[in-house]
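Just below sit the structures, each encoded as structure tokens.
The same subunit A turns up in both complexes below, where it pairs with subunit B and then with subunit C.
Right after this comes the complex of A and B.
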């Protein structure tokens, strides 16, 4: 009984690592766009398909494929911000929200047209089936690597945003674009770079999502809701809080799934709404 | 340009005449056309409601399908399980949607503005998943309305078509008049001021929060009744189709954006266009939505006020004026002379 409870919790924490990967890019992009990127989940899915095509097309190891895709993802994020989102960004939430909403629908249906509706999974090779034993528990290596990737990425992003020069620029422009341009910064350039970084986090999330679970053209909105819930649960602006938010969701879904498989997703939403009711600022708000 | 405004009265007359003709639909049209128009009325209601929230109250919701689904399931519950007359159940479905909207509002309004849109989507998802777990309502695979319920709408199929047609027509008319009167009222004036400049409106004493809450709660019963009428036509509920995000949110948003957000003509024009093109575009499969998505992005980039924004530039008058004309004295002071018709409205179209 105790072992079963511990196992549910541990599995929840491990899936929380994946959810944090979904959420990191969203958290960063809200600061840039001043709106939620409704297509965030679909961006993750489209990169998963790109990784699938590269890995299977050239017979490459999936992590090698990821290394090839990272610079593409940076450029994709940069271009999206500079040539599309920047043109509609302003005070109102409406325009950027609706543009990304349109993108989301285009991506979902474009993938449906190009790849069909069948669920896919990324080829993980030997990593898929490896199991390690920790404190007597048999844990899959892949979920552990995913959680480790989330922790490394959060650490790196935290350093980048709060300790590096680029991070100082991003924060300056995001806090006050007017003042930032007064002192000679180019907000558009900085926003572009920030969205490029978001693109790279999306690529990492796409890789681990495809390794850990099935995906299909309609998976995007589910990813978006998970990412969104993790960000709000964790507390706005806090990267480590986002990890905590992802873990809370993962554990809630795990416990729900124990009661009845069909309750898994609903349990996550219910915990999210309950936390929103009692603690709207999230668990670890930075601001 | 000045001459075009003289068309305003005849065009408005035509619009009223068209609405009056539609009231006699079952005597004028065959069954297929009635079904088609019933669907049009329901989609129009969804478009008017989304437009009221996103175009005026600054609440961009992505969770409309939640209330549509609640209405659908409420109708099923009242008629199939409770034995209530379907005409009464339609209204009760609106009441249930309203009751669900109260806690929803309390929750999502805790989110900051940028997060509110996705928050409404989470609630809609949660409602859909809950509907699939309710006992006696078909669970995940859904359930069909008993024949006895359909019989209560009319003895013959044509009588049933006519009943559902009139329900949908009455709903659309009520939704239109409510939105129109709300926007012409003090609250509407505040909403327009808020849309144009939120801070200035707040400083002038417009109670923004109250106005937004009122709009959010007002839309829910209309969405719920629309869901109930749609269910009477489809005779079936299921989580996937009754809470369909594509049907009741995605298409609706595209219709309003392409037609013209922030006007009353826009949602009507967009929904009309959607139904005119639907049969042609449906053959395109996934390309149907790709085309609509690309069109709505292009609209946001090129003409945020949509097709009606383009038309209005040429016409220079509102077909359905929801804003008030400034007094001649005011117009003279701010525009350097009286306008030819005294009809140009200052607040309706802010500088873009």
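Right after this comes the complex of A and C.
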């Protein structure tokens, strides 16, 4: 009984790592640009397909493909912000929502046209099946690597945001874009850099999502919902809170699934709503 | 080469259809302190915003050392050597003192004072360099705003209401720094509602009333009554 409970909790924590990866980019874009990107989940899916094409097309290891895609994802994020999202930011709350909603529809239908509706999975090689024994528990190496990747990425982003000049620029523009303009900073340039970083986190999330689960052109909205709940649960602006939010969701889903499989997803949403009711600012709000 | 000079010629500033500044001209030379005084809403801050490229719509010519800077964006204007200490300080509240100051150096010309020089001028900021700007007192925040502008290595420094909301002793301390800044060859434009203090600090002044220059010249050339009449309009 105790072993089953511990196993459920551990599995919840491990899936929480993947959820945190989904949520990191959204947390950054909400925190810096103050805009919800409705197409965030679809960006993850489109990059998964890109990784799939590169890995299978050139016969590359998936992590080598990821290394190739990271700079492309940065440039993609930068260009998207500078040439599309920037045009609607700051005008009205609804405009960025509508634009990214439109993008989501375009991405989903474009992927459907290009790749078909069949579920796909990224080739993980031996990593997919490897199991390690920790304190007597048999744990998949892939979920452990995913959690480790989330922790490393959060640590790196935290250092970037709070210990570097670029991070200071991003936080300054996030604090007060008007004041940033007044002293000669270019908020649009900084937003572009921030969205480029979001693009890189999306690429990492896309890689681990594709390695850990099936994906198809319609997977985006589900990813968005998980990312959004993780961000809100963790507290806006808090990167480590995003991991906590992902873990809370993962554990809730795990416990719900133990009670009844049909409850798995529902349990996550119920816990999200419960935490929101008691602590609307999230678990570890930075602002 | 002629003496460095910031020149504003026939500048008007608009907010939509509303004209906040009407055909204003002024100059400030290197190593000179010039005051722009006027009541609330006279157009002083709008004029400064126009100089640093922040006005929504602006007509007229703004030049530095003869070169037109009026069509440049704010980052280029700051790099050319015009820095603003904005009204209300406009610090980044969640950034530390040191991060706020470093941004000034980053956006500026990078040839003048360094962080250590600003800490020499404001020792208290060195003690509080790791504190978020939001926890500082008003006077300390103003020191950060002024230090940030100085780190941009300006040729011309625009100060918008640096005394606003501060205790008289703190204001006196800040004003005591201005001659030292001027003596480095920096031209200073002081925008203030406080007539007495700003006129004592400056060699020339411009008084604004309802968006227009109502009086200008040396503070010694006019009696108090004339200046007050131009300030309030009567």
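FYI, the second predicted complex is superposed on the first by the 285 of 287 C-alpha atoms of A that agree within 3 Å, B and C clash if a C-alpha of one lies under 4 Å from a C-alpha of the other, contacts with A are read in each partner's own complex, and residues count from 1 in each chain.
To be clear about the criterion, a residue touches a chain if its C-beta (ideal position, glycine included) is under 8 Å from a C-beta of that chain, and two chains touch if they have at least 3 such contacts.
Since this is a predicted model, take the numbers as computed values, not measurements.
Trainee: Judging by the criteria at the top, classify the pair subunit B and subunit C on subunit A as clash or fit.
Mentor: In the arrangement built by aligning on subunit A, the partners subunit C and subunit B fit side by side.
Trainee: Who does A:64 touch here: subunit B (first), subunit C (second), both, or neither?
Mentor: In the superposed model, A:64 contacts neither subunit B nor subunit C.
Trainee: Name the contact category of A:6: first (subunit B only), second (subunit C only), both, or neither.
Mentor: neither
Trainee: First (subunit B), second (subunit C), both or neither: which does A:165 touch?
Mentor: second
Trainee: Just checking: does A:103 make contact with subunit B only, subunit C only, both, or neither of them? Give me first, second, both or neither.
Mentor: After superposing on A, A:103 lies in contact with subunit B but is clear of subunit C.
Trainee: On the A-aligned overlay, A:262 touches which partner chain: subunit B = first, subunit C = second, or both, or neither?
Mentor: Once the two structures are laid over each other on A, A:262 reaches subunit B alone.
Trainee: Going by the contact rule set out at the top, does A:229 touch subunit B (first), subunit C (second), both, or neither?
Mentor: Only subunit B; A:229 stays clear of subunit C.
Trainee: Looking only at subunit A, is it subunit B or subunit C that touches more of its residues?
Mentor: Of subunit B and subunit C, more residues of subunit A lie in contact with B.
Trainee: Using the touch definition from the top, say if A:179 reaches subunit B (first), subunit C (second), both or neither.
Mentor: Second partner only.
Trainee: Considering the aligned complexes, could you tell me the closest Cα pair distance between subunit B and subunit C in angstrom?
Mentor: Superposed model gives a least subunit B-subunit C C-alpha distance of 9 Å.
Trainee: Based on the A-chain superposition described above, do subunit B and subunit C contact any of the same residues on subunit A, and if so which?
Mentor: Shared contact residues on subunit A: none.
Trainee: What residues of subunit B sit close enough to touch subunit A in their complex?
Mentor: Residue positions touching the partner: 54, 58, 60, 62, 106-107, 110-115, 117-119, 121-123, 125-126, 129-130, 132-133, 140, 245, 250, 253-254, 257, 261, 285-290, 292-294, 296-297, 300-301, 304.
Trainee: Can you check the complex and tell me which residues of subunit A touch subunit B?
Mentor: Going by the criterion above, the answer is residues 30, 34-36, 38, 84, 87-88, 92-95, 97-99, 101-106, 108-110, 112-113, 221, 224-225, 228-229, 232, 236, 262-263, 265-266, 269-270, 272-273, 276-277, 280.
Trainee: For subunit A, which residues count as touching subunit C in their complex?
Mentor: 165, 168-169, 171-172, 175-176, 178-186, 287
Trainee: Looking at the complex, which residues from subunit C come into contact with subunit A?
Mentor: It is residues 49, 52, 54, 73-75, 77-79, 83-84, 86, 90-95, 99-100, 102-104, 106-108, 148-149, 152 of subunit C that touch subunit A.
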